[in-house]
């Protein structure tokens, strides 16, 4: 069920294509950046400070002590409950993303120690169909929460999602109550549930498991939204402030506890986990 | 006279009540497409939340406010009796003319609406009253002020509160079950849909715009997403379908509402026989199994 | 402890001085009004609709079925804990108000049936030192809540208060946690706690027992405020809307459930009590 | 150099640290009037909430927001360790210069501040962490927006939440204990006051304006209301007094804060020996007996 993987310093091979090249272009500022420096800097652009998306394995390496962790296999529900086709069939889309990411679906989970506290961490892969929430995400969260419950360990969830997976229709929506029920079990057991909001966390995800953490940590500048900015500007004709729906804006509006630099994420998370689980700091 | 929908044009030439009319009406309503059902579910004359409150409940006492920020008339709540049983009722209300649509914000609730629902669900729990919710919304309000006050958080907490109840909760989708704006008050022990209501993760128009990049593909999107009561029952997402009068609830409002009452009362009586513990165990099993 | 009093239709003799006169002047509009009509109209001015303050006994007569109720004796703590004197001594002030009202302090409590539901009702007398909250108010609320608990009856509290009784200093402030603790007992016992906010309900009262009701009913137009309008306008220099801090304004801002006409108060309260206690309506 | 208060004028001619200075200082502070104590409690150089957080706690992690509306820097909250023990800390902060006073709104908290406190107290309960509150406010913020969002309700609920905790709570009045704005986070198992702090239902100025109709009567009002730590201890309203360095906490900030730490740690350890049930029984008895 859980197979042990210990990763070296460099990112997981599956996601490392880009780091084969010596130089790369920052998606944000367009600067040519030294690939090694970008990766050793947790995928923060050394020129403009842009936070590039991280894969789950990269997150695990960043967060777990000594980059050591065990992965927990995620359940993969049968494909395509609606036999959905738009311009492309959902079945084909799934194939494409499975090929490009090497993963079966969005979420991956691992268990390891963070500042000495055994913790279950579930992370979204935005590269897989925009991190969209279908049955696989729901089942994955339920499995991961169950694992935390069984181990009496805190649960850290790191969303990055464009929202619902429309190709699963109502099945996607139903993951909202299902995941909330799994989180409720952790709360009843007195186990910490921490959400680390990363860019972007939008749509149905922010109307369910991503907004009921005991503590909400958000990466600097991350966009966190229920309805997208353009939807609001379009339908309502309101002019929105520049920082609308950023991590900082949400902190100001009472929804986020802590805004962190990516470089401080591990230590911040470690401190919070240690305080909530009453483990003495190393 | 009820306003005719585009696909009802053939009724124009027929006299209401004649056998020909009835036959044509039945024929149209026997083969409604998913998108046609969407239009029926949005029909202006369809009974809305407050219509149900006035028709099928007694002793209704509206309770206002979330005790944090405001009062939201898109989501009405209060105490009432259903067939003599005291309940907490939550009902989304779209309004039926310009003034009432504005008052009720077209049924698009803001965070304070969902937080009021949470407060009233806690009250239901506190006093052992079942919760009945009548769902009819195109979704939560998508405005800056909704985001500012954390509409996502409010929906998540409302949904969690439904699942946390120690009392029975029954939801009926009476018109549109619009995504998160609906599930927030529809994560119930039993969820029923009216025959011509729809329930979906995004509107057909929205889905078409995003996936087809063409809002005109709304019919295809409606079909593909499987949003009708009949689709959802087949997938075991909902627990049952409440029949509407031929031609839809908008053509026989009282009959439609009365059959909702009969249906819900029967289901509620069955749920009220369960202990809180059994109820919660059953609810947990239901949501565990859902979509599996 | 509880002595039975059954009152006739007309107000309690102690408060009825004014009704001895055939005509009286409305404090609000200045109209000469027929005294009998004013009183039969629950002290609402027939000319301008002004809601005159009601004494506890008048409230009891208005609310209890058949105007029948038993009063519950209120504990009276020893006087003047601080030996306080400003321009007048607190001891003298107390004497004055005891003489003018015929009561020992602000609150009075009675038990009776409201629409068939046995209910404990505590009511403030604004005429007694502006309904100010001292130890007598705190002890009274604790006693009344205890009575409701013992009878497994709902508790209805009807405040009318200018706030803290400064002459008791910190003793006044301490009634906030003390009364909240008494209310908490009712909630833990599943007993309804209803607040009927009347004009005026201000100061410390609105920061304690008056704002934690299961249901908040407010009389039309009642001023309900923590800080007074003039204090806010004075210190902040903000222009305030006309309806600021009225019952209607508080309903709009999520703090009040129901705004009622005085004539509907009994039936509204009866319906709510009946629904919350699951008693069939007569 | 610490700013001299009006009644400290006699120190002007003396050199700091000389025996004459020390003697004069001690003599002034041995016979402070109630209103003079009020001025000491408000001294700008007195250690404030954040000073204590930085000095006597470790691993502090501020947590922001009420999850409803906003973040209020007048009332700081978070997780931290006190002598190695994880706790939830709540601290009112007045600021010490123009920029920080504005940021912290002079320590005048709005509803969202009190609702954040409620959230963090619930978190403390959930994870079995004691609550330490450092009280220093002239009161809750008196503005229209505070009333709009129900500051009274927020204070009431925060006070009730203190009393509902299953974990120990200790409050220290470090400066001004301003009425409802203070009690909201001070309805604790143990309430201590610094030697020169004050705690009252209204400010002396406010009391004088209302009862004497003359704000200049503030000294008389301060005396009459009995607002000093010594008065409150005599009336058994508080559980103890924490000594300050001679001349007040503003003259030896670290010493003052360190003695608060020593005092609180000792008391906390005693409380942590009690079961939740015993703690709650003891709390109930305390508040039952208070002012009787």
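Here the chain labels run A, B, C and D in written order, and each chain numbers its own residues starting at 1.
Heads up, the rule we're going with is that a residue touches a chain if its C-beta (ideal position, glycine included) is under 8 Å from a C-beta of that chain, and two chains touch if they have at least 3 such contacts.
All of these numbers come straight from a predicted model, not from anything done at the bench.
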Other chains in touch with both chain B and chain C: D
Touching both chain A and chain B (chains): D
Contact-richer chain pair (by C-beta pairs counted) among C-D and A-D: C-D
Far-end chain from chain D, centres as C-alpha averages: B
Whole-Å separation of chain centres (CA-atom averages), chain C against chain D: 32
Centre-to-centre distance between chain D and chain A (centres being mean Cα positions), rounded to whole Å: 41
Geometric centre distance via CA averages, chain D-chain B, whole Å: 50
Separation of mean Cα positions, chain C and chain A [Å, integer]: 54
Multi-chain contact sites of chain D, meaning residues that touch two or more partners: 67-69, 149-150, 153
Chain A: positions in contact with at least two other chains: 253-255
Touching pairs - complete list by chain label: A-B, A-D, B-C, B-D, C-D
In the complex with chain C, residue positions of chain D that touch it: 140, 142-144, 146-153, 155-157, 159-160, 162-164, 179-180, 183-184, 187, 199-202, 207, 210-212, 217, 220-221, 224-227, 232, 235, 237, 284, 287-288, 290-292
Partner chain B, residues of chain D touching it in the complex: 67-69, 111, 115, 149-150, 153
In the complex, chain A residues that touch chain D: 187, 190, 192, 214-216, 251-258, 268, 271-272, 274-278, 280-281
Contacting residues of chain A [partner chain B, same complex]: 77, 81-82, 84-87, 135, 138-139, 142, 164, 166-178, 180-181, 183-184, 204, 206-212, 225-227, 231-232, 235-236, 238, 240, 244-245, 250, 253-255
Contact set on chain D toward chain A in their complex: 59, 61-71, 79-81, 84, 86, 112, 116, 123, 126-129
